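Just so it is clear, A, B, C, D, E and F label the chains in written order, and each chain counts residues from 1 on its own.
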Amino acid sequence: TPESAERTAVPGVSTGLAVTGAGGDVLFVEASLAEKETGASGVTLTGQLGDVMKESAQIALSYLRSHGPQLGLPVAELAERGVHVHVPAGAVPKDGPSAGVTMTTALASLLSGRPVRADVAMTGEVSLTGRVLPIGGVKQKLLAAHRAGITTVLLPQRNEPDLDDVPESVLAALTVHLVADVREAVALALEPAGQAQRVAA
Amino acid sequence: TPESAERTAVPGVSTGLAVTGAGGDVLFVEASLAEKETGASGVTLTGQLGDVMKESAQIALSYLRSHGPQLGLPVAELAERGVHVHVPAGAVPKDGPSAGVTMTTALASLLSGRPVRADVAMTGEVSLTGRVLPIGGVKQKLLAAHRAGITTVLLPQRNEPDLDDVPESVLAALTVHLVADVREAVALALEPAGQAQRVAA
Amino acid sequence: TPESAERTAVPGVSTGLAVTGAGGDVLFVEASLAEKETGASGVTLTGQLGDVMKESAQIALSYLRSHGPQLGLPVAELAERGVHVHVPAGAVPKDGPSAGVTMTTALASLLSGRPVRADVAMTGEVSLTGRVLPIGGVKQKLLAAHRAGITTVLLPQRNEPDLDDVPESVLAALTVHLVADVREAVALALEPAGQAQRVAA
Amino acid sequence: TPESAERTAVPGVSTGLAVTGAGGDVLFVEASLAEKETGASGVTLTGQLGDVMKESAQIALSYLRSHGPQLGLPVAELAERGVHVHVPAGAVPKDGPSAGVTMTTALASLLSGRPVRADVAMTGEVSLTGRVLPIGGVKQKLLAAHRAGITTVLLPQRNEPDLDDVPESVLAALTVHLVADVREAVALALEPAGQAQRVAA
Amino acid sequence: TPESAERTAVPGVSTGLAVTGAGGDVLFVEASLAEKETGASGVTLTGQLGDVMKESAQIALSYLRSHGPQLGLPVAELAERGVHVHVPAGAVPKDGPSAGVTMTTALASLLSGRPVRADVAMTGEVSLTGRVLPIGGVKQKLLAAHRAGITTVLLPQRNEPDLDDVPESVLAALTVHLVADVREAVALALEPAGQAQRVAA
Amino acid sequence: TPESAERTAVPGVSTGLAVTGAGGDVLFVEASLAEKETGASGVTLTGQLGDVMKESAQIALSYLRSHGPQLGLPVAELAERGVHVHVPAGAVPKDGPSAGVTMTTALASLLSGRPVRADVAMTGEVSLTGRVLPIGGVKQKLLAAHRAGITTVLLPQRNEPDLDDVPESVLAALTVHLVADVREAVALALEPAGQAQRVAA
């Protein structure tokens, strides 16, 4: 089983794809909400995130603060509980806008209490209205997803032409969903709602 | 149909014109308001905006905070809901005062619930009293608007002489409105109010 | 008619004089108050102001916060409405203490609802007690005022000797008031109170 | 007796392992809560901590704010009392993510009122969901633990292969627990709850 | 009459002595309190003050916040009205601790409503307990005071030996008070309380 | 009589020992609390303190906020009155952790209303749990204490070996107390509680 199975076993964690100096890699976005009784508030971002990536987290939060109710998410939780978004490993600097879909999905998972599917990884910039904008490194990211045992990848619609560069054998092993709106990504990535669930910690 | 049709389909998004290293380009300004229940407040600005462009957003907000009621806008919404202004793409640094009209229009669209017309793009600095001040790059901006399928452009009155430098064929394909006050720009850019509308998210 | 007629048509805008790389120039200081219902508070300063000029704005505000009642100004408005001071053009860096009189006058105009006279321009540093301190560039500033169609200039008393350097033809065309206290400048610059006026936006 | 016996005699202090310029070393993480009556609030981090290490402290706190109740910890204390995390010696700069387990354990000790066992030292990065991630310098850290009289070491599960590099004699003298979740570390490190205890200062 | 007569005509202004690149000079410290109805709060420091001089202002305020009642000052005013300390000229950078006595005196004058004597200038660092600590440039400062028409100078007790360096003619024209506690300086510098006075603006 | 007699005559001041470029020196730590009616709150640190020394002040405060009640100190005062810690002389940059004991003692003196003994000077880093950690420059510091007329010195227990380096004549003139916990230092340094005392300003 892929590492993503362990990591995404709880709501609030989703699997992203990144380009590093040495090709592509899988990364995890973790989100948590403080228990109300702790009095924590505000937003904390950790993982040595660069300013573009911090802005991605702010966009993901603002998207959910305005569109969350349409997605059936209990966004009032955000008013009363501090939010923390972390991207391990803690000492590795990370930047760029392409974790937008991953961050939005992690937060939607956290709020819905529905875990992210262990076989799914994703990449894509998100705009404030939820549009999924194209990113770079499609080939390296899909190779990395394949190596990590991922079987489903969510990619921006506008990156469709870049699939030409991905080896046939890799494409054959992956189900690639092209998404234009982050709402599609969230719908594809979250486990179906099971028995009564509540907002996860 | 131009990309602007998709982007401006919802209230809160307007189409601007920018000068880049490689000529002119279309850019989109997105604005959103958090749902009250999320407890969000304040102003968030993202899109790797330089300090002049961040000041443009502050001016657009202050203009609406003092003149909004005269425009029939429900500015009390600003008291109770966090505002976010974003300019995709998230990784591209942007600066300069010429997105003032575009930002003011996006916020007026958001507050009014009336989308911005898909065929309109605009450029112009805005002063705190709503005056539209001249900008640079008129030729490149109109060429870019034309390439992007835009048919109506809002330009500062004081940039009228710069139209001499724009090719006849481009001018022939565009309706150019010269505006001296941002209130004219808002009136020209927003779709007419239809059936009962409310403030968009 | 000079540009200042258009710019100062509404309360809250006053005409200043600055020294630039290319001689003197006219600048405008714009001030606005947010509608109470917007929930805005605090002070916003824009226009790429340097730290000395930002301090001038703070001094102008503090002067009015302590001396405003003596001038008959409804300073309680400052408690409940966010204040914004902007100096167009937005992309041009500006610094120095000599806009103190202009800023104090713009704010007094805003609070009183009385516009600044269109034919008046001014320059001078203001101390926290309202004293008008001398500034540089008198010759260039008066030449610029004259070019811009200004007919009345307010100058610090202690700059009187610098008038020797101004061409006779320019001095003949200008009425120069030498002021020692910013209260004199405000009295000279504001239009007389007309029919019932209220605090402008 | 090792120094750790003196240092960890009170709840809120745990023994970590660090790599320094001169091999490995033992370090202590101290945590305290202000008395409610002092009105202190918020989080204070001292010890010349680098930004990665400060983020580790934020992660430890957020982990406890969301998972603390599952561990039986009275996290409501965090709402009403300022938290301070310090890593002596005060003049020595420290950085890196590997004190995450030590920080989480110190805070859990503080909240539970149960001291950390004097014979235990630990190292490991902690993710926001409590996963223990691998760290560097296993050999140096175990040598340092041994030198300091420590007999039990908590190590990330994923560092298991690095034990090959540690001298047999050192391994023979140490009990090494490989942990995958910080909850295991806390359970192993804290003294059993004795008679009625309350949150320590 | 010296300039200090005009400057110190109102409560809240006191005359200090500084060393500049070109010998000594007189400077003025201005303090003001916002009218309560303006809702202003906090402390504003302007005049291009360096960090040491900003700390001097904080010390002067803290001294009065704890010792003010012993001096008969209505320090509760500080709770409800924003304080501003300014040192003209606004564009000249200033630094150093020797304006401590001048700042404390300006604030005591403001709170008491008693103006500072026009014939008095002062210099000296102030500690948090009100001790007056020695400063540099005694000779230049006394020469500057003399040039400016000052007849009384307050100097730190511990600067007594430096009077040897001041020309006899200057010393003969000045009354020099050596002070060890800032309370002595305040008592010497303020005009006697006259008819009913209230806290000045 | 030593200078420390004058400086420590009031509660809230304690005498420390520092290493400077020119050997050792005596320094004073001053602490004050604002009168409640002034509305001041928070912590102010002045004296051109470096970041390590600022952290020492935060540690001293946190130590007292959690252990103060055990020392019989009225720590609730800290909730309602702004605290200021200053280290004269104001223009001299200072850094390092060795003023921790001095700062803790000054604050304990302030809260208890008991002055620090005039014949005592001290040095030592303090950890968050109150442990006294070793410092450098023992020889220079004891020589400076002796020169300044100090007769009792409080030193970290772990600096005991460094006494070997101090001249016999100096040691013979000094009573050196080796302390392991800051509570011992406070007990040794404060004058006995006399008649009814209250928290000093």
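Please note the rule applied: contacts are C-beta pairs under 8 Å (C-beta built on N, C-alpha and C of every residue); 3 or more make two chains touch, one makes a residue touch a chain.
All values reported here derive from a predicted model rather than from experimental measurement.
Chemist: In this assembly, which chains make contact with chain A and also with chain D?
Modeler: Joint contacts: the list comes back empty.
Chemist: Considering only chains that satisfy the touch condition with chain B, which of them also satisfy it with chain D?
Modeler: The common neighbours are A.
Chemist: Where chain C and chain E touch, do the two copies share over half of their residue numbers, giving same, or under half, giving different?
Modeler: Different: fewer than half of the residue numbers at the chain C-chain E interface appear in both copies.
Chemist: Averaging only over C-alpha atoms, locate the centres of chain C and chain D and give their separation in whole Å.
Modeler: Averaging C-alpha atoms per chain gives centres 60 Å apart.
Chemist: Please tell me the distance, in whole Å, between the geometric centres of chain C and chain F computed from their C-alpha atoms.
Modeler: Chain centroid spacing, chain C to chain F, equals 52 Å.
Chemist: If I count partner chains per residue in chain A, which residues reach a count of at least 2?
Modeler: Within chain A, no residue touches at least two other chains.
Chemist: With touching defined as stated, please give the ring order of all chains, chain A first and chain B second.
Modeler: From chain A, continuing first to chain B, the chains appear as A, B, C, E, F, D.
Chemist: Over in the complex, which chain E residues touch chain C? Could you list them?
Modeler: Those residues of chain E that touch chain C are 6-7, 10, 12-13, 28, 30-35, 37-40, 44, 46-48, 82, 84, 86, 88-91, 201.
Chemist: Within their complex, state which residues of chain F touch chain D.
Modeler: 51-52, 55-56, 58-59, 62-63, 65-70, 75-76, 78-80, 96-97, 100, 125, 127-129, 131, 133
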